[in-house]
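Note sheet for the following structure.
By letter and in written order, the chains are A, B and C; residue numbering begins at 1 in each of them.
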Amino acid sequence: MHNEWRSTKNKQLTTKGSKVDIKFSSEALATANKIIARYPQGKQKSALIPLLHLAQSEFDGWLSPEVMDYVASLLSIRPIEVYEVATFYSMFNTKPVGKCLIEVCQTSSCWLRGSDEIVDHLKKKWNIEVGETTADGIFTLKTVECLGSCGTAPMLQCGSDFHENLTVEKVDELVEKLKSKGERSSYLKSLVNS
Amino acid sequence: MGRKLLLEHINEPGIQTFDVYRKRGGYASVEKALKTMSPDAVTEEVKKSGLRGRGGAGFPAGMKWSFIDKKSDKPRYLVVNADESEPGTFKDRYLMEKIPHVLIEGMIVASFALGAKTSFIYIRGEYMYIVGILEKAIQEAYAKGFLGKNILGTDYSLDIYVHPGAGAYICGEETALLESLEGKRGNPRLKPPFPAVAGLYASPTVVNNVETIAAVVPIINIGGDEYAKIGIGKSTGTKLISASGHINKPGVYEIELGVPVDEFIYSDEYCGGIWKNRRLKAVVAGGSSVPILPADLILTTAKGEPRLMTYESLADGGFLTGTMLGSGGFIVMDEMTDIVKNLYTFARFYHHESCGQCSPCREGTGWMEKILHRLHHGHGKKEDIDILVDVAKKIEGNTICPLGDAAAWPVASAVRHFRKEFEAAAMAHSHAELVA
Amino acid sequence: MAKLTIDGVEVEVPDGTTILNAARQIGGALVPPAMCYYSTLKDTGGKCRVCLVKVAAGSAKDPRPMPKLVASCRTPVADGMVVQNLTSPEVLEARKGVVEFLLLNHPLDCPICDQAGECDLQNLAYEHGASTTRYEDERRTFEKIDIGDKIQLHMTRCILCYRCTFVADQLTPGRVHGVLGRGDKSEISTHIQKAVDNDFSGNMIDVCPVGALTDKTFRFKSRVWFTKPMDAHRNCTKCSGKVVLWMKGNDVLRVSARKDQYGEVKEYICNECRFDHKNVNDWTVEGPRHIDKHSVISQNHYEKIDLQKLKKEVERQLEFQKGRQLPEANATLNS
């Protein structure tokens, strides 16, 4: 069954939108307004994808309906316009994810240089299938398409970091380091300062 | 050793920074263009250079620029396509990460030629760490007076912004990119109207690849005619090739167009030959979307001539015995490669990336992936091969955008050149049997 | 004005007309089918690829053929254009391919689908499809859901023509549903269960070419060919009030807007007219609606035929076959 985008099934039909009690921190809001100001007057919808990245980073690495409704209100657009975009793009998670989202590239050159081995190793190590999260909620394993690292394959992405020229041993080392750091991975880590 | 127009100073410490870049001659083309040339003169130089779009389509860049609607009173835009998602391609990432200022410099000159006051870099979301690098370079350019109001004291002003995507290969198609930039789903638009007339915000827009815009810098510096002297025929100048796969030295190489393929694969100056002392089996020369060629046909054309790294030579033989230069994503496969499984990873990619608007691509890519999955796991049937080829044929040419063609060509070419492997896969009764 | 030929038949239309609309002026078998284009909804078309035709000559000024087949619903004509629809084997191959793709993930629901008998996909498959399927892999499936309390969505049947989203955008004050996901995992949805209850939302049922969006008040009540469609109207402040009543005896089983011979509604109706007036006395009945003899609904359906109108239409068709156009190109039996 593919009703994956429908986050609440069999819920009472309601004509009112969900209650909005999510808000950006004042820092994040300032960033959001700076982003919105880049685009011409009346075209603030262009800021939707950057704002969704910001929101995903602020709110536990995923976009709940409430978070998406909030972003819609910031841009004065309808919630459905946000849902449509959030479910189209692979980098947006509309379901909760573990603290570290591990994305292993599986296309062509990475496959030619052994990405299958990396994926199988992690599946066995964590006893999960692709798309699932470890029992302790720390790692979510995802396979993704070409990340532009074909010359340094196989590789994986965690947050904004690329980890390339992998071997099973290097993966084990990396996983240990990430676990002990205990941080939530974010695509925006490198941007927070800019 | 061929001329390096883009990557000459790539290993200089600090070339990422404005000061080191400037010391090495950076931003000279901005001074030349803004102070001594008219916008039309800049476009003329690019036309004379014979520069072709380096993202994959190979459309003459100068001609594309000349299509921009100058009569409209709407603002014009230059949008740089940094969505690089074609499997096998990583040259734009390399360029932007190591020497971001060459892109900024090229954008200023190109925007000047097009009459754009605001320009965007649409960069794929997965390259988020490069967004920081680009923004830093842009800030430096502003601080030194090369961006913002009245650049270098002329009456030309320009703002550049970086806009991230969020994971969609289809947004590398120019109209889908513009939809995404407008905050919508990345659904390609029907053409006409073309972006040069109605692009971003229904205004005249030119969308160019990162490398294409970067190439504007040497073109203005040495002149279009000089640039055109490099290369062969209609393949002028230099190209960044992303070499990967079963070679000894994967990486990004800047080559003068016209280098023989044989030399590119085996010379230590480039790929350094096949790894583990194995033999070459097949090459995908220009990113996953172009036809795959077996070893003999990639090194020589069907007529027996040595194949060169040019648009024309690689396309010699059409789709029966040729391929395309495309994005320059050069994927090399050794004799142990399972062609069926490799094609399966491609089919899986296109199925995942189809936007879903038009029925041939939406349904057909899924069908092809499923057939190849079964063939790879030994659950295939003999009829599957002909169905696979027929599905590819029914997608080709019938879709809104080239993603359908890009999904169909690898399938058609792989079966054409490696049919025996597919037949063996279809006859096997399990994956173990195939691998044994 | 531009003069062009479609399958050898000449027609002259204003500049900017699409090939499909030019073909509709001629009428008859050479009109390409259309599953996602809808003339009264802006920006529709170009997605289903069913209307693909071959442009053998682009225009008198530039007679080169267009390199690929083009979507006739979104391609404007040019003076001197030569278009091939049924006379091109390439077009017929492509159409067969597109029909196969549309049916790939489409469930074999006809025996239990309300749309049977008036389904565009059924008609298309009958004319252009194969009688068996070569697809043996798993089909994508969805649960059926209610969008609002009167409209049911069977997402498995949806062919993603996007018409319903255009209806919501253009006929109602606020769209709450859309296309979520990507590729063949796309689905029409509200994401969180929201009711689609804007007053003109019922028109989604009429524009849907397949049985994906259906009228819950009509569900399983009757096969459409056992009903008798009657033109009727009432005074309505919100819409034109012109409808078709689908009746069995004196019972009104369903109310819908009036579709022309291309299955398109020209005058939309409000939800009140559609759902809240199922008593025949609420309506002024005009008479039996004309149903094309090729439709299965026409069986046992008697109507008064205007012989003069029929004679004129036959003459018009004959003249077109000879390549000449009569002045009243738009006079059809369904107006």
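Methods note: a residue touches a chain if its C-beta (ideal position, glycine included) is under 8 Å from a C-beta of that chain, and two chains touch if they have at least 3 such contacts.
In this text the structure is predicted, and so the values were computed from the model without any measurement.
A comparison of C-alpha centroids places B closest to the centre of the full protein.
Interface comparison, A-C versus A-B: the higher number of contacting C-beta pairs is recorded for A-B. The distance from the centre of chain A to the centre of chain C, each centre being the mean of the chain's C-alpha atoms, comes to 40 Å. The centroid of the Cα atoms in chain A and the matching centroid in chain B are 26 Å apart. The set of chain C residues that touch two or more partner chains comprises 140, 179, 181-182, 185.
For chain B, residues touching at least two other chains, in rising order: 168, 185, 352-353, 355.
Contact of a single residue of chain A with at least two other chains is seen at positions 81, 84, 88-89.
Contact residues on chain A toward chain B in their complex (touch as defined above): 38, 40, 43, 45-50, 52-53, 75, 77, 81, 84-85, 88-92, 106-109, 111-113, 144-153, 157, 160-162, 187-188, 190-191, 193-194.
Touching chain C in their complex are the following residues of chain A: 1-9, 11-15, 17-18, 65, 78-81, 83-84, 87-89. Every residue of chain C that touches chain A in the complex is listed here, in rising order: 140-143, 145-146, 149, 174-182, 185, 187, 189-195, 197. Taken together, the chain B residues at the contact with chain A in this complex read 75, 84-90, 92-93, 118, 124-129, 131-132, 135-136, 161, 163-169, 180-186, 201, 242-246, 250-252, 284, 288, 329, 331, 333, 337, 341-342, 345-346, 348-349, 352-353, 355. By the touch criterion stated above, chain B contacts chain C in their complex at residues 168, 185, 190, 351-360, 362-367, 370-371, 374, 383, 387, 394-395, 397-400.
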